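Supplied in C-alpha cells, the structure appears directly below.
First chain written, first letter: the chains are A, B, C and D, and each begins at residue 1.
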Amino acid sequence: MLYREAGQYKSSYAADMAVFPILQDRIGIAVILLVAFVVFPLAGNDFVLNAVMIPFLIFALAAIGLNLLTGYTGLLSLGTGGFMGVGAYACLKLTTIFPHVDIIVWIVASGFFSAAVGVLFGLPSLRIKGFYLAVATLAAQFFLEWCFIRIPWLYNNSVSGAIEVPLRTLFGIPVTGPTATPVTRYLIVLSIVVVMTWVASNLVHGRIGRMWMSVRDMDLAAELIGIRLLRAKLLAFAVSSFYCGVAGAMMVFLWYGGAEADVFAIDQSFLVLFMVIIGGLGTLIGSFFGAALIYILPIALRAVPAAFDLPIRPAAAEQLTFVIVGALIIVFLVLEPNGLARLWQIGKQKLRVWPFPY
Amino acid sequence: MRAPSSREAALGEVLLAVENVSLSFGGVNALTGVSFDIRKGEIRAIIGPNGAGKTSMLNVVNGFYQPQSGRITFKGQVRTSMRPHAAAEGGIARTFQNLALFRGMTTLDNILAGRALKMRRGFFWQLIRHGPALKEEVEHRRRVEEIIDFLEIAAIRKIPVGRLPYGLQKRVELGRALAMEPDLLLLDEPMAGMNLEEKEDMSRFIIDVNQQYGTTIALIEHDMGVVMDLSDRVVVLDYGRKIADATPGEVKRDKNVIRAYLGEPHGTSV
Amino acid sequence: MDILYKIFIDPFVQMGTAPDLLVQTLWDGLVAGVLYSLIALGFVLIFKASGVFNFAQGIMVVFAALTLVGLHEHGVPAFVALGLTVVVMFALAFGVERLILRPLVNQSDIILFMATFGLTYFLIGLGQLVFGGNPKVMIASELYLPKGAIEFKGLGGFVSLQKIDIAAVIIASIMVAVLAVFFQRTRIGRALRAVADSHQAALSVGISLEQIWVIVWFAAGVVALATGIMWGARSEVSFSLQVVALKALPVLILGGLTSIPGAIVGGLIIGIGEKLGEFYWGPLLGGGIETWLAYVIALGFLVFRPQGLFGEKIIERI
Amino acid sequence: MLSTDLGLDTLPKLLIHNAAALGDRPAMRHKDLGIWQAWTWAQMLEEVRAFSVGLAEIGLKRGDKFTIVGSNRPRLYWAMCAGQALGAVPVPVYADAVADEMAFVLAHAEVTLAVVEDQEQVDKIIAVADRLPYLAQVVYDEPRGLKDYDHSRMIAFEDVRSIGRKKLASDPECLRQWEAGVAAGKGSDLSVILYTSGTTGRSKGVMLTYENTIISARNANAFDRLDQNEEVIAYLPLAWVGDYIFSYVQAYVAGYCVNCPETAETVVQDRREIGTTYAFAPPRVYENVLTLTTVRMADASAFKRKVFDFFIAFAGRWGEKILDGEKVPLTVRLLYGIGNLFVYGPLMNQFGLSRIRVAYTAGEAIGPEIFRFWRGIGLNLKQLYGQTEASVYITAQPDGDIRADAVGNASPDVEIKISDSGEVMFRSPGVFAGYYKDPEKTAEVLTPDGWVHTGDAGFFDPKSGQLRIIDRAKDVGHLKDGTVFAPKYIENKLKFYPNIREAVALGAGHDSVCAMINIDLTAVGSWAERNNVVYASYQELAANPRVYDMIARHIDEVNRSLADEEVMAGAQIHRFLILHKELDADDGELTRTQKLRRGHIIDRYSPLVEAFYNGSTEAQIATEVTFEDGHKGVIAARVAIRDMKPYPARAAKMERAA
C-alpha cells in the first residue's frame, strides 16, 4: 500500500543489485538515520540514551557479528561472550600502552585481536559440524573467561580485577571515562554501528556473502563450485569475532565505563544467540530486532510493576522476567521459527502486493 | 538454409582418461577396474542399472570420492586423488541426481555463486562494494544474465530456489554449473523426474550447451531415448564393471547390455 | 627447558613419589566423572529419541534438587517430597512435549536447541520464584544418605573416600544398569532405540512419538533428580550447579551424542582428566584450569574423531 | 512542435529528424538480460542506419517486400524502418502464425527477405521454403541453436549490421547515398502491407502509404495531446495495425519512448516497472486483468475483501463522475479519496497504470461492467473504433464524454455516414491504398469516391451523438418471427462475466436464440479449487453440472437485462451448452486477433447446432484440433444442453414502470 513501485525501473545492474532497490525503502532508511542522529540526541534523556539506546546498539552489533557466523555461514557458536571480552581487554591494553592514540581507533582496532582469536578457535570448524562445533566453541568461551580472570596483566593488575576505563577525549571532548556525556558516547556508538552495519551488508550482498551462504546451504556443493571450505569458514569466524570484539570494547568503554570478567561470561553468549535466533538467522535487520526485543523487553518488564507500583520484591521481579523471557522465546519459536525478520518481510510483502493477498 | 539432418559429433583429443579405477566402501565394491575416456567436445553417456556405480564414477572424477586404485588423467595431468574444489579449479562442473542447490538463495545468487572461482576482487574491496568490487559484480552479473537468458529462466530470476518447481530447480542447477564455464560438465540424471516437455527442453539445452560453448559433457541418464538422441558415445556399467563402451546404436544391440537391463534388478542406488 | 621439565617430567615424578595423592585425585575425578556421566546420560536419552539437543538438562538437575529440598522445607516428609518431585518431573516432561516438542516438530535442530534455552530461562526463573534464589542444603540425612568418610592408610599416606561419594558411584551405576536393562529388555525401551533409527519403526512397535518423547524426558528428569541429590549432598543446591552441568557437553561430544556407553566413558575420562590436570598441571597456569580443561580435551579429541568415541562414522553422499 | 512539421512525410525522415531534435531522449527500451537497455533517438538512428545499409548490401532494394516475424523487440522495429529507408515495404506476420498461414502471406506478398526473431521462426520458414520462390535471404536475431544450419541463404542480425557499419566507415559516399535514398521517399509511397486475418476466408493485404499512417498518427497525438514524454509498452502483435500505429508511427511522430517487455509472461511486471503513460489494448486484456483481480482477491482475508468490494462498488457508482469532472457531494469526494489511498491507487499501481494519462480499448466492444470498473478506479479508459483499412482511427471518444455503449465521434479529418443498409462507412486521410494484388476485394470495400465499407452495422446514438456499433453487418440477422438478432451484442453481455471466456450466440433463421459457452479456465478453475470441485482437464471442468448451474445463473441475468430492452427482449437465450474445448485460433475458430469466425464455428459444430433446435438434451461431438507443435488430433465428447426460462418482455417493462 505504501509501496508505489510503478515507474521504478532499473537500467543498470548496479542499481538492480543495490541493497535497497525500492525508493520507499531508501526513504525509510534515511528517516531512521535522521531520527537516530538528530532526534534522539536532542530529545532523548540520559536514561533513554544510557540504559536503552547505547546497549541496544551495542548488542545489535554483537548480534550482527554472530549472525554473520551462525546465520549466514551456518556455524553455531557459543563463544560470543569470550570474543567480546577479547575486544574489551585488547582495547584496554592498547589505550594503556598508547594513551595518545585516539580511543576510537583502538575500539575498532581491538576487533582485530578478537578476529585473530576467533580464527584460532575456528580452525576445528573444518572437521567439526553442528552441535559438536557449538560445544567446541564453548572451549573458547571458558578458556577466554579463565584468561580474563587469571591474567592480571590483562586488566592492568587493578586490585578489583576489573577493567577501569580511563578518561579519553576527542577534540577535547571526553569520550570515555566518568565525565563523558551519554550523548557523546551515544553518537560514537551509533556512528560505529552504522558504518559497520553498512560494511556487513556490503559483505553479505557480495561475493563473500554468497560464499558463506553456499557453505551454509550445502557445503558439499559449495566445495564443488570451487569454494575452499576452511577459508570461507575461517573468514566467517574472523569477521564475526571482529564485530563481537568491537561490540565488547564499546560495551566496556562506551557503556559500562568499567567491567569485570563476568560481563563476558557464557550468559552473554546465550543472550546474543537469542537475539540472533529471535531476530532471524541470516538477516542483518533481524539482528536489530532481536537486540531490541531481548534487551529492551526485560527493561520494560521491570518497569511494569514500578509503573503500577505493585508490591513486588525486585528479586521476584527479576525472577519473573526470567520466566517471561524464557516463555516468550519458546512462544516466538513456535509462532515464527524464522524470527522477527521473517514477520517483517511478510508484512512488507503484504504492503507491496496490497490490495492483493499475494 | 535447411536444418541440420543430425549433429555431427566433433570428436577432439582425449580430455579425460579413467584407467582401471576401483572404489569400495567398507568392503562393498562400487567400482572395479573401470577404464574409459572422454574426448573434447563430445557428449558422453554413462548408463547402467541401479547400483551400477554411475554416480560413484562421477564422484571419483570430480574428486568427491578417492579411488583406492587406478589413474585419472585430466587435460594431460595424471592425478590419483584431489579435493573437489581442485577439480572445480581444473574446470570440472557438476550437477546432482537429487538437486544440490543453495535453497536459501535466489536463482540469480545460485548462478552467481557458480562464478565464485572467477571473482577475484579482494576482501577489502568487498567491504565497500564500490569501485572495482561493484564493477566485477556487474561484469559477472552480465555473464549470469546471459545464462539465465539461455536457460529461459528470466521470470524466476529473483525467486528463492527453494520455492521453485523441481523442473526449474534442475535448470537453475545446470545454470550454476554453466556459470563455472567448465571444460567438462558432469550431469547426474539431468532429467530425473521430469515430464516429457521438461525433458525435451533439457535435451535442447544440453545440446545447445555442447554446441554453443563447445563444452564436453558426461551425463548419466536412465531414459534410453534421451541417451540415444543426445550422446555420441556410451559407457555401460553394471555391478561397478564396464560391460560396454560404444556408440548408442551399437550399445542398444549389445547382448551384455540387454542382459544387464533385463536381468533381475539388484543393489541399491549408489 | 625448565618449563618443559615442569610440564613433561615433574608431574609424573610427583605421582610416583606421592601415590596416595594420585589415588585420591583419581577417586575425586572418578566421582566427578560419574556425575558428569549422569547428566550426559540425560542429554543422550533425549537426543537419541527426539533429536533435541536439550540444553536445559543442566538446569533440570538444579530444578529437581531445588524442588525436593523446597518441598521438604515446606514441611513435606522427605520421601513424600521425593515422590512429589518425581511427579513434578513427569509433569515437566509432559509439559515440554505438549508446549515445545509438538508445536516445533520437524523444525530445524537449532530451533529446538534454542527452545530448550527458553526452557532453561523459564526453569531458572520459576525455581527461584517458588523456592527462592539462595543456596540450600540437600536433605541428605533425611534420605538416609551416608555421611562422613572412610579413611585408610597406605600408599605412603592416607586416602579418604567420602561415603556420599561412594553412594553416588553406586547409585549412578545402578541407574545406568537399570537404564541399560530398560533399553535392552523392555518393549518401550526397544521402541526408544527404534526411534533413534527411524520413526516408522517406532510406530510399528505401536507407540506414538508423543508418548516416547514424554517417556524419555521423564527418564531424563529422573536421572536429573538423582544427579541433583548426589551433587547437592556433596556441595549445596544452588544455580551455580548449572554451569557445572555444562561440563556434560564436552563429555557428550567425547562420547558421541547418541551413545550411552560413550556418555559414561566420556564422563569418566573428563572427570579424571580434569582433576589430574588441575592437580598436577594447574599450578603451572595459576590454577582454576578445571573450568576449561574439559572442553579443550574434548576439542582436541574431536579434531581427530569428529563423530566422538562411540558415535557412528558419518559417510557423506551426494 | 513536431506534428506540424509537414516536411516529414516518411518514417525514416522522422527518425533522422528526431535524432537531431531529441538527440539523447530515450527512443526505445528493452528489458534484456535483467535490466532496461535504452537507446536514444540518436543511437537508434545509428542502429537503423547501419542495419539498413547492411540490408542494402545483402540485396534489399526499393520496392522489395520483406517480412518481419517475432515478438516485440527493438531490432524488429528497427528492421521495419531500416527497410523502409531503402524504399522497401515491410510485411509483418503474426509470430504465432502456423507455417501454412505464413507461407500464404509470404508467397502472396512476394517477400524477398525475412527478418525473424529466432530458430522457431526460421524452422517454420524452412518447412515451407519450397513454396516461397522469391525468398532469397533470412536474417535472424537470436543465433541460439542455428549454428549448424546451412548459412548459404541465412545471416545473423549482427552480421548484417556490421556489414553496414563497415560499409559506412569505409565508404564516405555511402552515408550520403543512404540519406539521399531516404529523402527520395514520398508520403504517397506504399509504407507497409498489413495482412488482416479477415473474419472470413484468406487474409487480405492492406496497403497503407506513409501519409495514411503519419497523418492519422498526428491527428491522434493532437487529439490526446501526446508528446515525447509518453512511455508506452509494446506487447501487441507486430503484424497488427494497432501495434504498428501505436508502437511505431505515433512514437516516431510524437517522439515518445517505446518499451519492449522481457518476455510475454512478464508484460504486467515490466509495464509496472516502466509505469506507462499511454496504453492501448483490446477489451480482452482489460477483461483478463479484471478476471485476475477478482480471482486473486477471492483468496484475500474476509475483511480485506469486504473493504475492497465496498470501495470498488463505490467507485463503480461515483468514480466515472469524478473522472469526468462532474460535481459530486464533498463526502463522496472524501470517501473516494480514502478509497484512492487504500484501493484504487495501489490497484492501479499493481497494474503499473499509476502514471497513465490515456488508455484505449478497441477492436471489439467492451463489457460495460469491465469498462465501468476501470473508469471507476480512475483509469481514463476510452473507446475508439478503427480498422486496418483506416490506419486505425475512425471514431474516438474525447476526454470527459465517455460512454460504455458507444465508440465516440468521428476522429479528426474523418467523415462517417451510415449506408441505407445500416452499414457504417467512412472517408479519411487514413483510408488505405487498396488490398495488395486484389482489385475485386478492393472494389467491394472501397468506393470510387473514397468511401470505405466497414462491414459493421451501426447508428448514431440520438442522445450522445456518438457512433454505436451493433455488430458485423452480415451477422445481424432475424429470428423466424422477424425479431432483430445481434449475436455479438448478446455475446458481449455474456462475456462480461469473468467465468465466461467466449460465447457464440445462434438464432438467425431459427425460432429462438441459443448460446455455446467457453468457460474461463483461470476464473472457473479457482472457483473449482475453492469449492473443491476436482477436474483433470478443461473438458472435464466444462462438463461439470455445478459449472453448468453457475453459467445458467449468469445467462439468467443476461436474459433479464435483455428483457428490459424493447428491441432485444425477443432475443433472450432459450438454451445453452458449454463447449468441450476452448475456441482456438490454431483451429481457425478465432482470428489471430481473437475474433470469432462465426461461420466456421457453426459448420464445425453443426451437430450441436442441430441438437439445439431438435430439442435433444445432449449431443455427441468430435472435433479435430491442432496442437502447439502443429500435429493434429481429435477430441470427442458428449455435451449436455440446458434449457433456460426467458422473461416476458412486458413484465420487464412493467418492472421499469413500477
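Methods note: contacts are C-beta pairs under 8 Å (C-beta built on N, C-alpha and C of every residue); 3 or more make two chains touch, one makes a residue touch a chain.
Model, not experiment: these values are computed from the prediction.
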Could you tell me which chains are in contact with chain A and with chain D alike? B
What chain is the most remote from chain B, judged by the mean position of CA atoms in each chain? C
Winner on contact count, chain pair A-C
Rounded to the nearest whole Å, what is the centre-to-centre distance of chain B and chain D, using the mean of the C-alpha atoms as each centre? 45
Would you mind pulling out the distance in Å between where the CA atoms of chain A average out and where those of chain B do? 42
Just the number, please: Cα centre separation of chain B and chain C in whole Å. 49
For chain A versus chain C, what separation do you get between their C-alpha means, in angstrom? 33
Specify, in ascending order, the residues of chain C that touch 2 or more different other chains. 318
Would you pick out the residues of chain B that each touch at least 2 other chains? 64, 96, 100, 141-142
Can you list every residue of chain A that touches 2 or more other chains, as numbers and ranges? 12-13, 16, 220-221
Where on chain A is chain C touching in the complex? 70, 76, 124, 127-132, 135-136, 138-139, 142-143, 145-146, 149-151, 220-221, 266, 270, 273-274, 277, 281, 315-316, 319-330, 333-334, 337
Contact set on chain A toward chain B in their complex: 12-14, 16-17, 199, 202-203, 205-208, 210-211, 213-214, 216-218, 220-229, 235, 282
Could you list, by residue number, the parts of chain C that touch chain A in their complex? 53, 99-100, 103-104, 107-111, 113-115, 117-126, 128-129, 133, 243, 246, 249-250, 252-253, 257, 285-289, 291-292, 295-296, 298-299, 302-303, 306, 308, 316, 318
Quick one: which bits of chain A touch chain D in the complex? Just the residue numbers, please. 1, 3-13, 15-16, 353-358
For chain B, which residues are in contact with chain A within the complex? 62, 64, 83-85, 87-89, 93-94, 96, 100-105, 109, 112-114, 116-117, 119, 121, 123, 126-129, 133-134, 136-138, 141-142, 176, 180
